[in-house]
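The structures considered in this document are given below.
Two complexes, one shared chain (chain A), two partners (chain B, chain C).
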Partner chain A sequence: MSALELLTWARGDGLAIALAICAFGILLRLFEIFSLGRKADLSRPRETSPGSGWRTIFSRSLPPPGLLKRSPVTYIGGYVFHIGFALTLFFFVPHIELVRGLTGLSWPGLPMQVVDIAAVAAILALFAVLASRLTNPVKRYLSGFQDYLAWLLTLLPLLTGYLAFHHVVADYTLMLALHVLSVELLLVALPFTKLFHTVSVFVSRWYNGDIFGRKGVAS
Partner chain B sequence: MASNGPTIAEVLRQQGISRRGFLKFCATTASLMALPPSMVPAIAAALENARRPSVIWLSFQECTGCTESLTRSHSPSIEGLILDQVSLDYHHTLQAASGTAAEAAREAAMRENAGKYLLVVDGSIPLGNAGYSTIAGISNLDMLKETAAGAAAVIAVGTCAAYGGIPAALPNPTGAVPVSAIIKDKPVLNVPGCPPIPVVITGVLAHFLTFGGLPELDALGRPKAFYGESIHDRCYRRPFYDQGKFAETFDDEGARKGWCLFKLGCKGPVTYNACATTKWNQGVSFPIQSGHGCLGCSEPGFWDAGPFYKALSMPIGPVKAAVGAAAAAGVAAGVAVALRNRSAKKGAQAAHQKVTVDDLEQKK
Partner chain C sequence: MSATYERGMNAFKEVLDAPIASFFSSCVHCGLCAEACLFYTETGDPQYTPIHKLEPLRRAWQQEYTLLGKLARLTGLAKPVTDAELAEWSPLVYDSCTLCGRCSVVCPVGNDITYMVRKMREGMSAAGHAPEGLVMATTRAIQSGSPAGVKWVTVQAQIKHVEAEFGFKVPVNLENADYLVLMSSWEILNYPEYLGAVGRILNKAGATWTLAEDAYEATNSGIQIGASDLARELVGRIVNAAERLKVKCVISPECGHAYTAIRWEGPNLMGRPFGFEVKHILEVLDDLRREGRLKLKGTLDTPLTYHDPCQISRRGGVYEQPRTLLNQLAPQFKEMSDSGVMNWCCGGGGGVSANERAEPLRMTVFKKKKAQIEELGVKTMVTACANCRVVMEEALEHYHMDVEMLGLTELVAEHLDES
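Showing the complex of A and B:
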């Protein structure tokens, strides 16, 4: 199998299989989570915090007072990674073409150099948070196999994409095939690991904010 | 090589090519093949003194486009003349002889130049049924094996001979295979392209005559000097790709301004060939310059590598149907899991035994 044939498989059947598993998994888990439900809260809600759930969706993106100083790597690394990753994912023109091919939607992209910087920043941030996870005893204690797996699965698409774009390590065709395959691996793992937070993060923030609000706790 | 007849230099002089023009060709060939300038005299000396090499050209499942590309040019170029001056002892499109006489010419060339002649093949070889493609009643497979046995090297010209090409495209009704799938004991050099660039052939020929062997090849059997870089990397429209400026259709503002054709399906990024540098028709133009994306015609399996007009990053499989079916299955599985969880909850509630204070008191 030549590199082009591998790429053709990755763009064709490979992508169809990965997206199918991803869609299956996301819907399965959403149904599972939502159908579990909660016991009705029979107590009268406190009146001090209306709209607490919606507010929490945004406020949880900001560090509580003092925490930025105490764990700068977690916060700054987290920001740089997520913003860099989002810019790379949504504003690299070939990625927009992929979305257009799937859904018909498209929007203007960014110049390649800007995306390049964003990708490098995201990769560096990933290594910074990994170093922090390994050196901080509390983080290390809290980390399991799945955390390291999620880290690796997130790194691979960024790294292979970067190498493909710059034509290093292997020729572009092979690197592009590996890039697409690494994304497919990420898609397959997404519903069944902590990476599911990409789907559930705002739902759980709303829920936490709302329930705390009902109990009168600031959020 | 055939030992009789004039040398290539003598023939070129007869055709009115000056020594200056000849040396210029040698210098161009050296630079095209990434050889140091010190090699130019060696190439010139080798080409000057070489007797016309015997070439046997076999055409199998092909369209004659490769021969057209290599033999037809608007004005006779030095590379064209050199190609004309090889002793093309057998080429059933170009030779005057036919029938038994033609086959006799091939057999005579094989016998007289045993172990020395170059075998050029265009077209793929059908393995499905010997009758799919025959010449003088001989199957392509038998003729290739027989002729390759005494060849110094085999040059597979065109994508069909190099990788199977269009005859091998799915569902490959004739069971077409490339030359390299059959010839394992000889050096096989691939010159893919649909058709390939003529100067690659003469470059390889010059290398063969100068060094007595084939140039350095890549993993796909192609001379690195010509196939070492992608069209995209050498494309004059590359700056527009980097700036994010793309033609959206073939006649929009971007297309008129000559912006990048990536969105229109250009396969330049995954195609390794010299089109963007040597160009076609004596350096006039190449497909991207004329406003159409690269089809990737010199890559293995290019015909089955997705639609020509879809961007490289676009999906090419039955994604929508697969995702739709998987989503439906996901909903069904989700509902099943929900029902199971509910019944487990109800079961737990039903099995729940209430303990009263009296019960606890009694146990004491």
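Showing the complex of A and C:
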């Protein structure tokens, strides 16, 4: 199979299969969560609780008092990675072109230089949080195979994309094929690893805000 | 029914719900919950990381309620939780968690870890892995009416004492009163001033109130040990008395988890909303103040601080009321570095103070509160939970610290304008 054939497969059948598994997986995992149900809370809520679940979805993105100081790498590394990754994923012009080709939807992209900085920042942040995971006693204690696998699967699309874009490796077609394949691996793993927090974080934050909110505590 | 491994695992299956499934799904092992937990910050031991305390429950969820987990179990890739593991987790679930809820307000993905520990204890106690001290306290509560074995005759003796000292009659089993007053064992045994203080304040406010002979104890060991059937029995005594006497409002005393038990868990344990209100004494004091029925005179001119009981502030939403009162009563009231919803626990909540096995650890983690007090340099600390007070008085003694503890209700009563 030539590099071009590999790229063709990756962009065609490969992508379709990966997207199907990802979509099915997300639906399955959401069904697994919601089918467990939740008993109605019969205690009388305080008057100030409406909307607290929705507020917490946003407010939990900010560090609570004192925590930034206790764990700066987790917060700063986390912000830089998530923002860098999102900018690269959604505002790199070729990515927007791909979405437009598939769905007809499009939006303005960011200049290449900006995306370049975002991607490098995200890669560096990933190494910083990995170093933290290996050296911080709590993170090291909590971490298992899945934590390192998730890290690798997140790094690969950024790294291969960066290498392909900068033509660092001679065979651009092969690099691009590897990039697309790494994205597909990420898509397949997303519902079934801790990467699923991408989706479930909205659910868990909502529940937290709702539970605290009915007691009159902003969380 | 006797405690068995099977009962424990069944209880795990029963408590697992959509919020818990979403919490376990969202955890990214970032470790921030440890930074919020005084059992980790004061020991540096990563086994005290809050989310780690839930590992057996997480595995039970994964193997029972997720497709991949089920497959892993069927193919032998994942091993079921064993009874030995539950035993191993007992100190993590009971000794090193006070259900203070600080991890739950810090977790970046929004996991209410405390909610899960509370639920996990249902399985742990059903499997027979609750600590002996808590089992005994719960047994005493069910049999004698109080975890400390306090009987109605002891309360009667205190009533006589209050009546002699303040010259008013303590109403017992009075129907249609505004308030049903409850106490915690600690208030009956260690802080008898509470009953006198509440009586004076309510009388002065022109409110009607009563004690109930069959429901004087507000604490609830059932929710600490994680046995909903026993918790229901204990809270049911209060509900029955409140309904029989047709009171308008039940006052939860200066006790943290009693408030959680009656105010938040109570209706869910009973399976129906209450026809009466449940308020913490601080809420009642603040209501009376706003209505102009609580007039105070004089101030306490000593530098002092307020220790937020976790179940009252972070888990209960009562954090402004004590501050309104203290700002009026104590011109030199100062806040600790982390206060209100971000307060640090005394180290003895959630049943830890009843668990003798946990005592050395409890003393170690008090270093957090010690540092907070020393940073502020005050010699007086006010609180609104008799359990916090007992735990901290013991720890202050242990560390040879010259700090006096006061109950807020008592402080208010001392400054009542009697004119």
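Here are some notes:
Going forward, the second predicted complex is superposed on the first by the 210 of 219 C-alpha atoms of A that agree within 3 Å, B and C clash if a C-alpha of one lies under 4 Å from a C-alpha of the other, contacts with A are read in each partner's own complex, and residues count from 1 in each chain.
Simple rule for what comes next: a residue touches a chain if its C-beta (ideal position, glycine included) is under 8 Å from a C-beta of that chain, and two chains touch if they have at least 3 such contacts.
What you see is a predicted model, and the numbers here were worked out from it, not measured in a lab.
After superposition on chain A, the partners chain B and chain C are accommodated together without colliding. Rounded to the nearest 10, the angle made at the CA centre of chain A by the CA centres of chain B and chain C in the overlaid structures is 170 degrees.
Once the two complexes are laid over each other on the shared chain, residue contacts for A:L98 go to chain B alone; chain C is not touched.
In the superposed pair of complexes, A:K139 makes contact with chain C only, with no contact to chain B.
In the superposed pair of complexes, A:M112 makes contact with chain B only, with no contact to chain C.
In the superposition on chain A, contact is made by A:E32 with both chain B and chain C.
In the overlay built on the shared chain, the residue A:F196 is in contact with chain C alone; chain B does not reach it.
Put simply, the nearest alpha carbons of chain B and chain C end up 6 Å apart when the two models share chain A.
Shared interface residues of chain A (contacting chain B in one complex, chain C in the other): 28-29, 32, 35-36.
Considering their complex, residues 2-5, 7-8, 11-17, 19-21, 23-32, 35-36, 93-95, 97-98, 100-102, 109-113, 167, 171-173, 176 of chain A touch chain B. Those residues of chain A that touch chain C in the complex are listed here as 28-29, 32-39, 41-44, 46, 56-57, 60-61, 64-67, 70-71, 74, 78, 133, 136-143, 147, 192, 194, 196-197, 200-201, 203-209, 211-212, 215-219. Those residues of chain C lying in contact with chain A across their complex are 16-23, 25-32, 34-36, 40, 44, 46-47, 49, 51-52, 65-68, 104-112, 115, 263-268, 270-274, 277, 313-317, 338, 341-342. In the complex of the two chains, the chain B residues touching chain A come out as 220, 230, 232-233, 241-244, 246, 262-263, 269-270, 272, 296, 299-302, 304-306, 310-323, 325-327, 329-331, 333-335, 337-338, 341-342.
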